[in-house]
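Some structures are shown below for you to check.
Below, chain A partners chain B and then partners chain C, in two separate complexes.
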Partner chain A sequence: MFDNLDFDVIRRSLPYLFLDGMSFTLMLTGLSALGGLIFGTLIALMRLSGYRLLGRVAGLYVDFMRSLPLVLVIFWFYFLVPYIGQWLTGASRPIRVGAFTSSLVTFIMFEAAYFSEIMRAGIQSISKGQPAAASALGLTYSQSMRYIVLPQAFRNMLPVLLTQTIVLFQDTSLVYVLSIPDFLGAASKVAQRDGRLVEMYLFAAAVYFVISCVASYGVRRLQARIAIVR
Partner chain B sequence: MNYNWNWHIFFEPNPTGAGTYLDMLVAGLLLTIKTALLAWVIALIFGTIIGILRSLPSRTASWIGFCYVEFFRNMPLLVQLFLWFFVLPELLPRAAGLWLKQLPNAPFWTAAIGVGLFMSARVAVQLAAGIGSLPRGQKNAATALGLTTAQGYRYVLLPMAFRIILPPLTSEFLNTIKNTSVAITIGLIELTGQARAMQEFSFQVFEAFTAATVMYLAINIVVVTGMRFLERSLAIPGYITGK
Partner chain C sequence: MIEISHVNKWYGPSFQVLKDCTTSVAKGEVVVVCGPSGSGKSTLIKCVNALEPFQEGQIILDGIKVNDPKTDLPKLRARVGMVFQHFELFPHLRIIENLCLAQEKVLGRSHDEAVAKGDKLLERVGLTVHANKYPAELSGGQQQRVAIARALAMDPIAMLFDEPTSALDPEMISEVLDVMVDLAHEGMTMMVVTHEMGFASKVAHRVIFMDKGEIVEDALKTDFFGSPRSERAQKFLSKILSH
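Moving on to the complex of A and B:
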């Protein structure tokens, strides 16, 4: 069964897989999570702002993004980002956008919808007395959000946010559809070049599995620690 | 924006020679629905078995359930599809591998089974939580009435648990539909794949993707409306969602 497999191909391509592929994946995951969290928090604040129109717009955005498959969204932004860039910079023709920028914009916009639901739950979990006390102390809305509500909401939701980031880490593999060399893309390139699909895909699966397992174990530990502190 | 919009493109004949571009997209939509339904049946069957295993008092059973869920949850769906599609036929005995590779419609079956197993881990977690949320008295009452464990699950615990977890199951079903689009990577030309093909043939990028987007939104609305009706008619009296 394993007799005509050559696992040495993995050793030979390790530098390419990790220095190029995995660093792309991790960078994309990290920056998308950060951007998604920032935009997601803004969307959550819009939905809870009490201004009906603002809330409706934010709600529509979230529902819209959540009912589309990520693959379709990746294609959308891949073709749309050059035009958005043209519109923003006022250039005469659609601007050229690199693979990384394009996928980063995609994942930030897509994940913002998911992160905003988490942050909304987090903000709603804060008791009403907290913002009331803040405004009694003379804090403005933005001060009360910045110093009282958001830090607590973020902390309460940290395990869920991290779990969503693990999902995001796995989802970044979908940039494969644009032939971008992220970790899976790099593995697949080597696999096709050397005709070693079995070895490379098994290895890629193992790497994703180990990283996700370790990360979710870490999240469970964190959850237990946070639960004790409160 | 110097993009040439042409909404009439949908009614122009497509290069495959069979019908218009719209026919292409509709064929994709039907394939998406077909794949998602088969995947959902697989997810429900395996999810129920594993969910029950996780809720049993036996250590071994819940350990098996835990391993199953961790296995399918910690790998990207795309990688799992690659494992089923490219790796599995090579690892099987030669004859079986050849048979698998020559199977007609291989992408369809791989996608349905791959997405189904991926989603079954999520269904299992939901079901185990649903069973866990039932009061202990239900199981005890079933035992007191002389029902065996299997009968207790069949007639008491499962009917209750499934009705409780119907809302989360709705969103898992929506996820199943969306996840079928990942199968574009193993050559399944479902809705997203047809939109992509239309973009490559006609260069009308945004019309193609807009049509696909509208179709996905329509599926969503239909499923959400249908499930809301089902939830209302199956709600358990006395529970928050009940009458």
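Moving on to the complex of A and C:
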């Protein structure tokens, strides 16, 4: 069965796969995680703010995003955003949004919903005495959040946040539906061009597997270290 | 300095934790608040710097009404030091950073100024060598002394202590009380919730006894320990002093 497989195709396409494909995937993962964390933290703060309306809006957003398949959101966003942009700005033609920008915004919005739940749990895990002590020293609510509560919540939740980022790393392969050359997209292009589907998809799976495994192992070690410090 | 008048507080619609509490702490005075657990003494002291809201009555702190919605609470709280039962040091910051944070962010002191002040106070509570450690590396008594130093770093006009020794192992209580006794002798205005009757009899001017949300007795130290008027205070004292 393996007689007519040509694994040399992998070697020949390595520069394209990694320099173009993987760098796109990693960039998308990194920026989405960062943006998702920032927006997710804001959403978590809204939900915990005690203002009912803010909390409701944030809660609805999270529920909405978590109830939709990611592929669908990616699709919609890519095809709808140009028209929404046109409608908002009153331009005569649909706004041009690049594939990278579109997928980045999609992932940030989508991941924000998941990261917000993690950060919410993190904030709630801090004992009430901490913000009380911060208040007693004269720190305002936002100072207490910024210097006392959020750093501790972030540190406590770091392993979970990183685990979610590993999932995100795998999920970015879904931009493949937009024919964007991320790692999987690049592999698929080569596969179809050279008629080497089995080789390329096996290789892509192996790469995702190795990177995710190594990253998970790293997270576990980090978790053990954090547990000691606490 | 601290004027508490007719304060009522409810948790939920029916459970009243504070019932018509009225008392005061004069400048330079040390007042000990005691009473059985659940009597509302911690709640009362937390009302003084508005960590706990209350529904009726008023508290005036150095001429400023605490329960006025227009009061700048962070600014007011920065002028009153508070020490908690569970220390509440910030675990992600080094000891010296614990002392500097509010000085810099609230009082606007420069980092060098804040560190100088922090060092001085650490020396005062005898913990200079631990400046660069994290709170978790210190014993309970040491952590509580850091917490006192952290409050003092803000140059407070008064200090509130909420059961500062209740979470400590017996052998660590005296190191914390020593710092508090020194403070009292220096003329710091202090309101102290504690069961340490030895501390009360040594430095307190007045003792307030609370039970079931009420101030049952508010007397000079000598009167309180000599001949408490209320039966409830007598009972409490006999239980707490008999061993």
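Just so it is clear, the second predicted complex is superposed on the first by the 220 of 230 C-alpha atoms of A that agree within 3 Å, B and C clash if a C-alpha of one lies under 4 Å from a C-alpha of the other, contacts with A are read in each partner's own complex, and residues count from 1 in each chain.
Criterion: a residue touches a chain if its C-beta (ideal position, glycine included) is under 8 Å from a C-beta of that chain, and two chains touch if they have at least 3 such contacts.
Keep in mind the model is a prediction, meaning the values are calculated, not measured.
Asks: Using the touch definition from the top, say if A:Phe18 reaches chain B (first), chain C (second), both or neither.
Replies: Once the two structures are laid over each other on A, A:Phe18 reaches no partner at all.
Asks: First (chain B), second (chain C), both or neither: which does A:Ser135 touch?
Replies: Once the two structures are laid over each other on A, A:Ser135 reaches chain C alone.
Asks: Between chain B and chain C, whom does A:Ser67 touch in the aligned arrangement: first, second, both, or neither?
Replies: first
Asks: Quick check for you: in the superposed arrangement, does A:Phe75 touch first (chain B), second (chain C), both or neither?
Replies: The first partner, chain B, only.
Asks: Output check: A:Leu197 vs chain B and chain C. Expected answer is one of first, second, both, neither. What do you get?
Replies: After superposition on chain A, A:Leu197 lies in contact with chain B alone.
Asks: For A:Phe100, is the partner it touches chain B (first), chain C (second), both, or none of the two (neither)?
Replies: In the superposition, A:Phe100 contacts neither chain B nor chain C.
Asks: Comparing chain B against chain C, which has contacts with more of the residues in chain A?
Replies: Result: the larger residue contact count on chain A belongs to B.
Asks: Looking at the overlay, does A:Gln143 come into contact with chain B only (first), chain C only (second), both, or neither?
Replies: In the superposition, A:Gln143 touches chain C alone.
Asks: For the complex, give me every residue of chain A touching chain C.
Replies: Going by the criterion above, the answer is residues 127, 129-130, 132-140, 143, 147-148, 151-152, 155, 229-230.
Asks: Please give the residue numbers of chain B that touch chain A in the complex, ascending.
Replies: It comes out as residues 1-3, 70-71, 73-80, 82-83, 86-87, 90-91, 93, 174, 177-182, 184-185, 192, 195-196, 199, 205-206, 209, 212-213, 216-217, 220.
Asks: In their complex, what parts of chain A are in touch with chain B?
Replies: Residue positions touching the partner: 1, 64, 67-72, 75-76, 79-80, 83, 86-87, 93-94, 170-171, 173-174, 176-177, 184, 188, 197-198, 201-202, 204-205, 208-209, 212-213, 216.
Asks: Chain A touches which residues of chain C in the complex?
Replies: Of all residues in chain C, those touching chain A are 49, 51, 73-75, 77-82, 84, 86, 88-92, 101-102, 105-107, 134, 136, 150-151, 154.
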